[in-house]
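Take a look at the structures listed below.
Common to both upcoming complexes is subunit A, partnered first by subunit B, then by subunit C.
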Partner chain A sequence: MTTTAPETPTALPAAADAHRGILRSVLRTPRGSIAGGFLLLLILATLLAPVLAPADPLRQNLHHVLETPSSRYWLGTDSLGRDLLSRLLYGGRPALAGVLEGVLAQLVVAVPLGVATGYLGGRFDRFVMRVCDIVMSVPTIVILLGVLTIFDRSIAAAMITLGVLSAAGTLRVVRGAAMTVRQELYVSAAELLGLGRVQIIFRHILPRCRGVIIVQTSLFAAVAIGIQTGLTFLGLGPPPPSPTWGGMINESAVTLSRAPWLLVPAGGLIALTVLAFGILGDVVRDVTAQSHTSSGGLRARPASGRRAPEAPVEVPGSEAEAPVLLRVRDLDVSFLTPHGEREVLTKVGFDVRAGRTLGLVGESGSGKSVTARAVLGLLEANGAVTGGSVRFRGRELTRASRKELAAIRGTGIALISQEPMVALDPSFRIGAQLGEVVRAHTRMSRGAARRRVLELLEMVELPDPEEIVTRYPFQISGGMAQRVAIAAALAGSPELLIADEPTTALDVTVQADILALLRRIQADTGMAVLIVTHDWGVVADICSDVAVMYAGQVVESAPVEDVFARPSHPYTAALMAAGPEHAPRRTPIKAVEGTVPPPGDRPAGCRFRTRCPLAEADCAEQEIPLLPVGEHRTSRCIHTAHLEARR
Partner chain B sequence: MLRLIGNRIATSIPLLLIVTLIVFVLQAFVPGDAARTILGENANPQTVAALREQLGLNEPLVSRYGDWLAGALHGDLGTSIISGVDVMSSLDTRLGVTLSLLVPSMLLSAVAGIALGFASAVRGGFLGRVIDVVSLLGFALPSFWIALLLVAALAERANLLPATGYTPFAESPGDWLRSIVLPVIALSLHGITAVAKQTRDSVAEVLEADYVRFLRANGVGTTSLLLRHVLRNAAIPVVTSLGLVSIGMLSGAVFIENVFVLPGLGTLATQATLDHDVPVILGVGVVLTLAVIVVNLLIDIAYGLLNPKVRAA
Partner chain C sequence: MSAPVHETPGREEAGLVIDDLVVDYPLGRRRHRRAVDGVSLRVPAGRSVGLVGESGSGKSTVAKAVLGMAPIGSGAVTYGPARLHEAGRRDSRPQEIQVVFQDPYSSLDPTKTIGYTLAEPLRARADRTGTPLGRAECQDAVRAILDRVGLPPDTADRYPAQFSGGQRQRISLARALIVRPELVICDEAVSALDLSVQAQILNLLLELQQDLGLSLLFITHDLAVVHHIAEDLVVLYRGRVMESGTAADVCRAPSHPYTRQLVMSAPLHSVGGQRERRERREAMTPPPARALPLAEACPFTHRCPFAVDRCRTERPALREAPHGGRVACHRVEELPDWTEPFGPPASTPHHENGTL
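Up next, the complex of A and B:
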């Protein structure tokens, strides 16, 4: 016997589904139709047992004991020569009746109380929840045995008790669903219109809770079958010779060594019934869940099928200045999604020079964060680099071993990320985490590591480092957390810092401080920075070069002054239309008309043409290459001249 | 932390009262009463009346519950109405057997479940699919059925281990071990797979967490990441599932003891149920409820140790 925890559905039933009819949606899935069909057959077969059963379940035939299946006894016979198939069919009646009794008892208790507590809330809700807490820790078996001690062999009493005890879990789930529905606009609207509480419950709350109720009921039924057979196995049900599934297993135990087959029919049927209820619950949950999370099916894929690189576009005069530290060329990245493979990055290329700062700019969905992760070899499990090259100080990273990559992380290239509050491990003190990062780079004693940690915290201008190291991440503010993250990134004295939207999650005043800190550290250490941002203010503040990304491609790259003076791609121009001189500094880029097309839905030819004011017929004819448009500049547009003309 | 433990103990008292009270109150609904059930339908009315008097059944339910409670507080749980044996002493002799079954099963579920789940989250693939199939079977097949299968295969056929019976540890540690191997496997199979599944899901989620990427990006090695950061942060849902599994095992033990004919609390309770022996059922109920309370307390302490927010509060 197992007691499964009632799982809380993560999503609410979608209103549309609730109205379309859950049953039809369930039966349309293969798993749902098989499980539902099996249960329907089982119910019909047990109901029609007097008609269907080949023999009287009680009739003994001592000439045919312990037989294996034959044409006369389809499932064999037991130690008294009784037909197993007939006993199974008749035994299904108390089993399914027990489930029905339990389910009804559970629904009668859980649904009204769940809806009422969820919708009304308040003191009543707190009291009921308190009782639920206690009831959920009651050892079920004790109560069931107690019930059977008093109500002689009454499985019905036991199953009703089981239903009432299990109602606590269902009640919570229904309450949760009712609470969510209650907060929705149309319910508030109905309240404002003066609809009574009862009407609201029946019209709005109950229909939306239907999904979770069915899920809970199916899962409970699976548990109830287990309990019913368990109790009858213990001999607490109808006395022999009446057939029960658990009783049949108990009887087979006596002759186990001589006739192990006897275990199979009853055990198999119990297992199938439990599975059918369990699967039905799962399917209903899937059907009614609003957001279907299907990442479970994703698998990492090997980086294979590399394509021939695009002819290298050397930016004129690019070798003139500081040496190139990070060179990305023709980088392709694909993700395996439930809808198939999706190419997220296409031939992305840019250079980061020693001591300089490159801004990767674009709307969300343009692929800039994926690029930053791909450089470090830290893509999600379902993503992979499928082509191109990432060279750091001349060393190829896309083909580097785990060990080689590990050696570069932190000391060669370090990272700070968008959400400082989730970048630190919540379970460890700040001092312990920083100490670990420090010691990962250089072998040193704990005392020396501690001194280095304090030094780093001073470098990022945190007041009172001695006190900060004793705190947990949840005890500091977002701005402080980002400083701690920067300290961790500086621990290995990296030559390149990748900063993935380092200020997006912070308050405006804190943003300026963090950018100032990055500039100062850069001046002190001479490290290069690759900063991912959608904020022209950040670009103006800190970047020396810019690469603009759109739909998985770099569409323009140029020194920062040139971009601000004269964008050479219509997308850049559109992004800047509400740009730094018109909008307050560090506000997100004003949305360009439309959205970035998702991978798999990108137009042929120029990917921006569907939103581009300059688009002409030839934009759709071919993939647009990156074209040189002057010193140090490239653009993925064949009509840059028109852009000039419009200015 | 202390407040958490205090809170748990405070809610434990109503739990004990509720469990015993339910059994008491149910007696009021029975047609006839204990005296009638013991003596049978055809008994002489005078004998029934005498027994009723002897059992104190003429007292109102509330005062009977009060008497029982007062006795229980002094360590007196009454006597079996069938055998006349003191309930406390029969609980005492049987508790050891049930604990020999429960404690190793809980430890096995924890160790094997976490190891398998962790390995399948990090390595993935084949091991994960095996766990999926086994846990599906563990969900669908009753534990007593699996126990019988083990008996059929390992005890009856291969004759490796005893099929039934129990040898106390004090008598012979070797025989004790042999007598609990099959029951422990049968009892923990579901627990191992449930813990393994939870561990796998929880570890897989933490592996995708921002802080894991951040620490890795800044040079923290794989071994430390997995053993310190991932395992630690994945632990809380695993502890929750361990608690549920352990409480489920209290029920499972009743069935497993019956299959292997172990003289523990489960077989005692089953026999008492068949005999309508209310004092014994109440006694077993008290012990199993205390076991639930201890498990919950351990879980709370584990939460406190694992979650700095609880510890700091």
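Up next, the complex of A and C:
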């Protein structure tokens, strides 16, 4: 296994929203429905201008000039006594028509070329991109003025020209989206089927580019309305007295000191229209991005009311051993998803003793990584600890302030993760990054920090530390990067190292080296390790104790030999038997059917009962507590005797 | 059983034959990286062959070369009469060869229903051959293949986002199988899956192989997986074949120092057994040399505890190995005999009877 799916809760049926059409999702958000509703209303109103307009937009009434709103003239009148509302409605027609022409021209040019260049690449792509460069360097307004001169003040010609000229920018964005989609494996799969390029573009590339196309279009529409009104403001559009929004602004500018109100209706409407297009683009971008993330920008707050703790399981004889460094009890963690709050961890508890290594074992969805992050207060913004306690050296961490946590991170508890490369900033040399970490923990001079960095690199057994410090992260291999990450973690001489799947992304030979390194460091420094893993081999190699997690609960905890020799929870036994090592070659592996149920879909009572071969009626009756099974062991199963019998 | 993987391929053989394949990826002007360096292997009809190696070993590039997704520098790739190395990138590939990729998340188009995705190969074939494809016929085929991979019929109307990784991998498998291929290439097809889901998919693959007479080219970095599913095994290191033979032989009695290193690095699922394995490994791992070996050397010299001068100046050819397969090592006769516990019997007695 090289990667495990992120363990943040994504209720599977929820993701279906992504396909219900962008329009529908946009209209379901308040911003989207307001902006969309406004634009729809505006379009209808201008289309129906002959019906809706209270007066002829050209009819002058010199008895009523520069009036403010009244029951007769809803929005007032201009300097020639013409009804402003009617002029706005009629003036909307060339404005929106101009936007439409511009948008269509832009789409016709940008979308086919963008998708084609992005998907095909090569010489065609390079040629089109050079043309784009040239087009983008052309001063748009000069060209527009030229076009208006040649085509006798035709706004349509100007807007189409604008659309074509600004297509270059949209083309680049669409090309970028198409290039990303091209990398997807399903496109390779379609190519292998022998589908033609045109078919692939229409069936697989274009649908995925829809989102960016809509965003670009609405942002362009906002620009276009500005340009259209700008041109008519300059008197370049339809000649007066025919109403245009820009023309109305122009007229109001003349009488601004005498009648400031005149500016408000036209100016306000233009501003609102631009805003509505902008918001619409924004919402579409959010909606299309949301289908790829689980949180959708939600932020959870820790619940104030804490729930009753589970009766403590005092494992007999445990007090005599090494002191408990980290004690986690009844830890509840919830994530706020677009579909409500989901409890991800329920009453998780375990101890990490000084100098020992606890393995937190489970599959994706078990909550093992969330547990590790919750201990450090590093949950994502939409997750929060809603109950229970995490005590490190007797100090409560769940209620610790940001400052207190910062003091403990690094010097008390350090973290290494699955992807060491991500933890390193590609724009700084290794030496500089490690030096920064060292100086953050200890106030030492640059020279002393440099010596400490070399010492740390020596400790993680990197050959030639002097040379490594001068390299950038992308110049070293994944195994070396993990060593650097371990060096950074050791910089504060932590008492506890939390290692979240530290070897999952590495090759087996490198994994063996990293595990050996961790073991050696532990022997030298007496550091305790909490290792999160799905790999029984890693557990057998490095752990002294094991806590097995399933669907957000610890289901079994025991010393490592006992877990391998006599698993005391049916899930542990099942997970162990699922390794191909445990079945004779080319015969079926004893696999449990189904998958770990996602939060929100967990069965009542024992959470494993729906997949458990030992399940009986009483498993569903109540929440199963952690029960002691022999010395130093607990199991969340009421039928451990049956498990014993089946052995 | 068909002939083992390591024999010289004859002319017009059934199955996939890769002969002295070289793939170079360009790295800017006039420079290139040799990803695959003279690899030969065969996947005879009905047989499952494992291709194992670490990252950078070129194992996925071999698959890409077969599928026409990597530039073939020299060498030959044939499938029966089809000469795949001569086909262009845009030419249609033989539909007898299908592929399942590693990433269950990007291998299905999120904007299309599963039914659409599964029917696409059928439609593509209908377009190519000009035979009309009935709607009912298409739906029947989709339903049948979903049933075959153990998914309910209503799967067809749903979208990929509604399925877990394991279910998506079943769907990918269904898409590969719907055109009734003879050979399925699994490129790390179970690597991203959880242990229990991986077991389900491995069981399904074995069942399908036996029921449909499929051949499998199973590409993975996981020795335990490949030992379980493959009959023959080819070990790659930095683009070259280090060792080949039957999977059982290569895993239990690896000849090449690299294969031994690989076997010893995979931790056993047993505390005592793993302790022993770890100690043996530590005893025979030399401190890594800094410089990578030159092109004309054995690619493993910088990490090999048995390397001598000859290894650094002369590239070893594949020859007969003690276990009957082939190995590329100058010193194979001089190496100490060595067997490693692998699989259930010796290493983990308490799981023999199985608990579930």
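One rule holds in what follows: the second predicted complex is superposed on the first by the 470 of 647 C-alpha atoms of A that agree within 3 Å, B and C clash if a C-alpha of one lies under 4 Å from a C-alpha of the other, contacts with A are read in each partner's own complex, and residues count from 1 in each chain.
By definition in this document, contacts are C-beta pairs under 8 Å (C-beta built on N, C-alpha and C of every residue); 3 or more make two chains touch, one makes a residue touch a chain.
Please read all numbers here as calculations on a predicted model, not as lab measurements.
Novice: Thinking of the overlay built on chain A, is A:448 touched by subunit B (first), by subunit C (second), by both, or by neither?
Specialist: A:448 contacts neither subunit B nor subunit C.
Novice: May I ask you to decide whether A:186 touches subunit B, subunit C, both, or neither, giving the answer as first, second, both or neither?
Specialist: second
Novice: Taking the superposition as given, does A:234 touch the first partner, subunit B, the second, subunit C, both, or neither?
Specialist: After superposition on chain A, A:234 lies in contact with subunit B alone.
Novice: Could you say whether A:257 touches subunit B, subunit C, both of them, or neither, answering first, second, both or neither?
Specialist: first
Novice: Between subunit B (first) and subunit C (second), which, if any, makes contact with A:489: first, second, both or neither?
Specialist: A:489 sits against subunit B, while subunit C stays out of touch.
Novice: Touch check for A:577: first (subunit B), second (subunit C), both, or neither?
Specialist: second
Novice: Just subunit B (first), just subunit C (second), both, or neither: which does A:45 touch?
Specialist: neither
Novice: Could you say whether A:80 touches subunit B, subunit C, both of them, or neither, answering first, second, both or neither?
Specialist: neither
Novice: Take the contacts of subunit A with subunit B and those with subunit C, and give the residues found in both.
Specialist: 1-5
Novice: Which of the residues in subunit C end up touching subunit A in this complex?
Specialist: Its residues touching subunit A are 54-55, 67-69, 90, 92-93, 95, 98-99, 101-103, 105-112, 117, 120-121, 124-125, 128, 158-159, 161-167, 172, 175, 188, 191-200, 202-203, 206-207, 221-225, 227-229, 231, 247-248, 261-262, 264-271, 273-274, 278, 281-282, 287-288, 290, 342-344, 347-348, 350-351, 353-356.
Novice: Enumerate the contact residues on subunit A facing subunit B in the complex.
Specialist: 1-5, 133-135, 137-143, 145-152, 222, 226, 229-230, 233-236, 246, 249, 252-253, 256-257, 260, 263, 267, 270-272, 274-275, 278, 373, 376, 378, 380-381, 402, 406, 409-411, 413-417, 419, 422-429, 433, 436-437, 440-441, 472, 474-475, 485, 488-489, 491-492, 498
Novice: Residues of subunit A touching subunit C in their complex?
Specialist: By the definition above, subunit A touches subunit C via 1-5, 12-13, 15-16, 18-19, 183-186, 188-195, 197, 203-204, 207-208, 291, 363-364, 463-464, 478, 507-512, 515-516, 534-538, 540-541, 560-561, 564-567, 570, 573-593, 595-596, 613, 643, 646-647.
Novice: For the complex, which residues does subunit B have touching subunit A?
Specialist: Per the touch definition, subunit B meets subunit A at residues 11, 14-15, 18-19, 22-23, 26-27, 29-30, 37, 136-145, 148-149, 151-152, 156-157, 190, 207-211, 213-222, 224, 228-229, 232-233, 241, 244, 247-248, 250-252, 254-255, 258-259, 269-270, 272-274, 276-278, 281-282, 284-285, 288-289, 291-293, 296, 306-309, 312.
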